[in-house]
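What follows are several structures.
Shared chain: chain A. Partners: chain B in the first complex, chain C in the second.
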Partner chain A sequence: MKKYRGLIFVLPVIILVLFIVVLPIITMLNNSLRDVRFGFEKNPAFTGLKNYLDLLEDETFIDSIGKSFLWTAENLLIQLTVPLLLALLLNRKGRFYQFVRSVLLIPWILPMVVVSIVWRWLLEPNIGYVNYLIKCLGLSLVNFLGSTSLAFHILVLINSWHFIPFGTILMLAALSTIPTSLYDAAKVDGANSFKRLIHITFPLIGRIIWFVGLLAFMWSFNTFDLIWLTTQGGPANSTMTLPTYIYKLAFKTYEAGKASAAALISTLILIGVAVIYFIVFTPREKKGVA
Partner chain B sequence: MTLKPSLFPREFTFKHYEFIFFTRYPSKDFPQNVVNSLIVGILASAFANFLAVIGAYGLSRYPFPGSDIFSRMLLIIYVLPGIPLLLPIYSLLARMRLTDNLIGLILVYVAINTPFAVWFLKSFFQAIPVELEEAAKVDGASSFRAFVSITLPMSLPGIVTTFMYVLVTTWGEYSLAQIIITSDWKKTVPLGLATYMTDQYIEWGPLLAATTLVVVPIIMLFLPFTKQFISGLSSGALKD
Partner chain C sequence: MRKFVILLVLLTVLPLVILGTTTIVFWHHEAPAHRVAAFQKIINLFQKENPDIKVIQQVVPWGDAWTKTLAAIEAGTTPDFQFSLPELTITAYEANAIIPVDDIIQELDSKYQYVQSQLAPYKINGKYWGVPIWTMPMVLIYRPSILEQYLGTKEPPRTWNELLLAAQKITLLSSEKGDTIYGIGLTAGNNLCTQEQVYTIMANLGVKFFDEKGNLTFNSPQTLRAVEFYKDLYMFSPPGSTGWAWGEIEMNFSAGKIAMMPYFGGLQKRFYDLENYDLDAVIQPYPIDGVKGNLIYPNDVHIFKSAVEKGHLEAVKKFLIFIMRPDINAILTAQMEPGSFVPVTKAAQESEHYWDDPIIKAFRHMNEVIIEATNYGTLYGFETGSAVNLAIGSISGANTLAEMIQNVVTNKMGVVDAVKWAEEKMESFMK
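Right, the complex of A and B next:
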């Protein structure tokens, strides 16, 4: 029994996880198989897979899955490349760089409500600064968040802007663990800076890139606050991602059964991604990379 | 609209700040929102950290079969709950009669943030040599005494950093709060700000004044801890 002594210490954490993740998932599964409107009725009728079949015929739902994957893909692309470039630029010693590193994190700690307010204000079609600048250039005004073709991509940019500091900080941390002697040795051997990047930097920080990618994936896939506080899934459902649609089903149109079915699908996608990540990066198989 | 946009304000005024402080009606009571957010944030952060210190200490000093995978999973558990879990979490709270209740909100925040806090603090505890505690035990101190007088003070920077982090994130949390809290006088700051945004006509003046008042303390509170936060996060992520 002594082997399991540590379990006593984490017991409260386990209970909390049961409460916040495991029980909700069980509730979700149960609700998804029943005829519920609000989600907490007593003894609702069992309807089998009806909610799932309804979802399959729901065009908004099918579209929202596609939108969510596009949303996640666009976000991942920006949230992996920009932090990597920034980290390579900022990986230098000196007071200035240290200062930049501290200040860099600020956008990330800003609450999403604040981010949404500020960007909605900047992009406001009549009084926003962005349109003011566009007008100065002699171009016609753009209603960024009211456009079915633009709103989605503008929100991707705002969401990425919020995440980039966090990704950059993690990648910088990984870069700073690479001893400079490695680069010097490669230089002596005649490797140019591109070759040093490919053969030294990437292999050594590969794990952290995957780690940042995992967090970027989970957070992007789950993005709700930003979308809800700026476009509410509109205009014309052009920003209706899966979480936004689940929210609408659960709390606006009161179709809790359908919402639970969609929520379970969404949760399974995220758990699936996490499982794949863990299979690829089991600690026992990792090679001697710090 | 007759107003022309301009890059710099035409006139400086404090009237919007006056408005959010002194014009108080139930749906827009900014000072009350701030008080609620502080109560919720501080209590949630304190409880989460208390449980996390115990958990992280256990994981770093008494590893059990599977404890490695367990601590790596904690971060996933932290990022997993999103909108999909909102409705079931709400119905669980409803069954416990804790909806529209700040205690319910605190409970949910503690549950969400504790896994992250454990994951974060574990690397701080691991950085402290076990030998120090063992030396104290040789001198006759109990395990608990050794923990309180040696390990705890040495990991204080980590604890303060997680405390700040949880405080800052709960201070700004929106989606859970707006489902759980419905009464105007129980609303937290993000909900207060959102009431300005859902109006047909957005009053940008008071909204931006309130936003500034929300952002400035966050930056002031968090900035001194960024270095600690970055090093804690990095060591957690690099070891993971």
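Right, the complex of A and C next:
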């Protein structure tokens, strides 16, 4: 009995994972190989790889994969650099910095539904506040979410605006663990602030940067709510990323089989990229360094 | 504690058993509190007249309507009946979960005389599968004061040419004065709102999605002309409208940034609350060689097979006949969403209960126009008088029309290519 005690303790979690992860993936795989419209049909016809082949011929799907990668890359770029810069700026003692750190959290605590609606209204070209300010400056109105060339990047900015506080707090926490004696010693040795950043700060918060990067990648790739609530993938599919397109296939055009195939491809892409990320970017401790 | 629970159950169930009460359950998707209250009001009135029937409303928001309906069908837990739309009724029909309602339609038609255009979307294979309860016609709503200021008259445009010229004149003149008012409000967002506005323009040329046999006839000279006109008119719509949905267009119109727009009449409640009566409507302008036409969205009730299995059919029928009584129907239309939800029977349309509502009365002319529009209205995919191709549910759900218009107004495609693209997309749903 003692031998199985560990197994017994983890059994509830295993069962939970089976139900909420493994079973849906199996159902998704099964649906992707059948002619399923709604997902509830009894004994739908087996169609083999037809859904996958259809997807490969579907321009919007192929385009949405590219958009998802671009979306993730742009988000990662902002969500790694800005929090790091902000953390370096705010890693100081004093009431002012404490206040700024608290205020900074506001976007993060807002639900994405609120964020989407608030930004939609702020960016509205005719009665939105942002364009009102632009008009006050004597500039011409900007069609932020209605422009095929702008909408995508504006959504990246909104998504990053929501994530930045979280990344900053994590990086601030990491910075606060670096002993000040290391900086003092470096100063004595004549290291300037840039050298201290490169040789002390970066190596010591490397794991946190890696972790923030991983979270930013996964959350960004899977972003759905913001896009759906602001542009629904438009205008002219310019913001149609993979999760948005999968939702549209499943719940708007009732092509559950095709949506399952797309979701499975999306899962495989995510797993693939995550594996690469782990192999290539995982910080390794140098030999001889404690 | 156990005894108390048993006693409570007995006290609840026994009177129902002794009195022989039938409990019927319906789903609707109108989540706002005032709509739920209106439903409860008619339930209370019905139960007062029919103490042997208990009616329970359950709200399933529109966003969940399809998935929950299908899940309930699969699990065998459907309610007795459900308030619905043509696409949802088609879905329930395809899932073999509902029963024909020809007898109810016949009875209501003989009593209150249905506006025939409202029945078309519910006729499938020669039978009716939904009982229309209210409808939503699109008309050209406008701000008379803006028309007067820039056109020198409160008289609205009646033809496509007049509409285009009026929209152009208002936009250009207001721009010269630095007012930034746009002549027309058209959306091109990837949503139902766009779809409905586009179709209203198409209806002016009698565009048909399918022929009587269900073959696709979308890519026609009429469609090309309608899309071309939408594109021309869109030049005088606010620049951000490529991303607009209901909220933005309503807010811009209310803020006086838009002079005219094809829309439903529901904004009159907001104007009434603000004591602003600068709002009127006209039948959607049409080309001189075109037809009076606009989009209508009749809402229905369909009855699940489970109502028959549970022996609830008669109680359900009684309730449906009750809510179509003109005095009761006025609660579901004039009181619930004045100007937006409109009666579908001649008797209810002429009823004093409808016209005595303070908001309906305050915008009487506008509502007369809206009522008139119910006669010319059609819904995409049902132009031939019945549901001839059930792929229309997916075509509509995918916002195919909206996507087509986005492609045109963002110059991603020319009109010919966009219409061709839309037809190919529709064909893929038919497969």
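Keep in mind that, in the parts below, the second predicted complex is superposed on the first by the 260 of 290 C-alpha atoms of A that agree within 3 Å, B and C clash if a C-alpha of one lies under 4 Å from a C-alpha of the other, contacts with A are read in each partner's own complex, and residues count from 1 in each chain.
Heads up, the rule we're going with is that a residue touches a chain if its C-beta (ideal position, glycine included) is under 8 Å from a C-beta of that chain, and two chains touch if they have at least 3 such contacts.
Keep in mind it's a predicted model, so treat the numbers as computed, not measured.
Using the contact criterion defined above for the overlaid structures, shared-chain residue A:Tyr254 touches chain C, although it does not reach chain B.
Contacts of A:Phe99 after superposition on the shared chain: neither chain B nor chain C is touched. In the superposition on chain A, A:Thr27 makes contact with chain B only, not with chain C. In the superposition on chain A, A:Gly146 makes contact with chain C only, not with chain B. Of the two partner chains placed around the shared chain by superposition, chain B is the only one that A:Leu270 touches, whereas chain C remains out of contact.
When the two complexes are overlaid on their common chain A, residue A:Ala174 makes contact with chain B while staying clear of chain C. Of the two partners chain B and chain C, it is B that touches the larger number of chain A residues. In the superposition on chain A, A:Pro125 contacts chain C only, with no contact to chain B. By the document's definition of touching, of the two partners only chain C reaches A:Ala236; chain B does not. Of the two partner chains, neither chain B nor chain C is touched by A:Phe202. Residue overlap on chain A between its contacts with chain B in one complex and with chain C in the other: 39-40, 120, 124, 126-128, 251. Within the complex formed with chain B, the residues of chain A that make contact are 3-10, 12-13, 16-17, 19-21, 23-25, 27-28, 31, 39-40, 101-103, 105-106, 109-114, 116-118, 120-121, 124, 126-129, 131-132, 135, 169-170, 173-174, 177, 208, 211, 215, 218-219, 221-222, 224-225, 228-229, 243-244, 246-247, 250-251, 256, 259-260, 262-264, 266-267, 270-271, 274, 278, 283, 290.
Interface of chain C with chain A (complex): residues 66-67, 70-71, 73-74, 91, 95, 180, 182, 188-191, 238-244, 247-248, 251-252, 255, 257, 393-394, 397-399, 402-403, 406-407, 410, 412, 429. Partner chain A is touched in their complex by these residues of chain B: 1, 3, 5-7, 51-52, 54-55, 57-59, 61-65, 67-70, 72-74, 76-77, 79-92, 94-95, 108, 110-112, 114-115, 118, 168-169, 171-175, 179, 190, 193-194, 197, 202, 204, 207-208, 211, 214-215, 218-219, 222-223, 226-227, 229-231, 233-234, 237-238, 240. Across the complex, chain A meets chain C through its residues 38-40, 120, 124-128, 141, 143-148, 151, 230-237, 248, 251-255.
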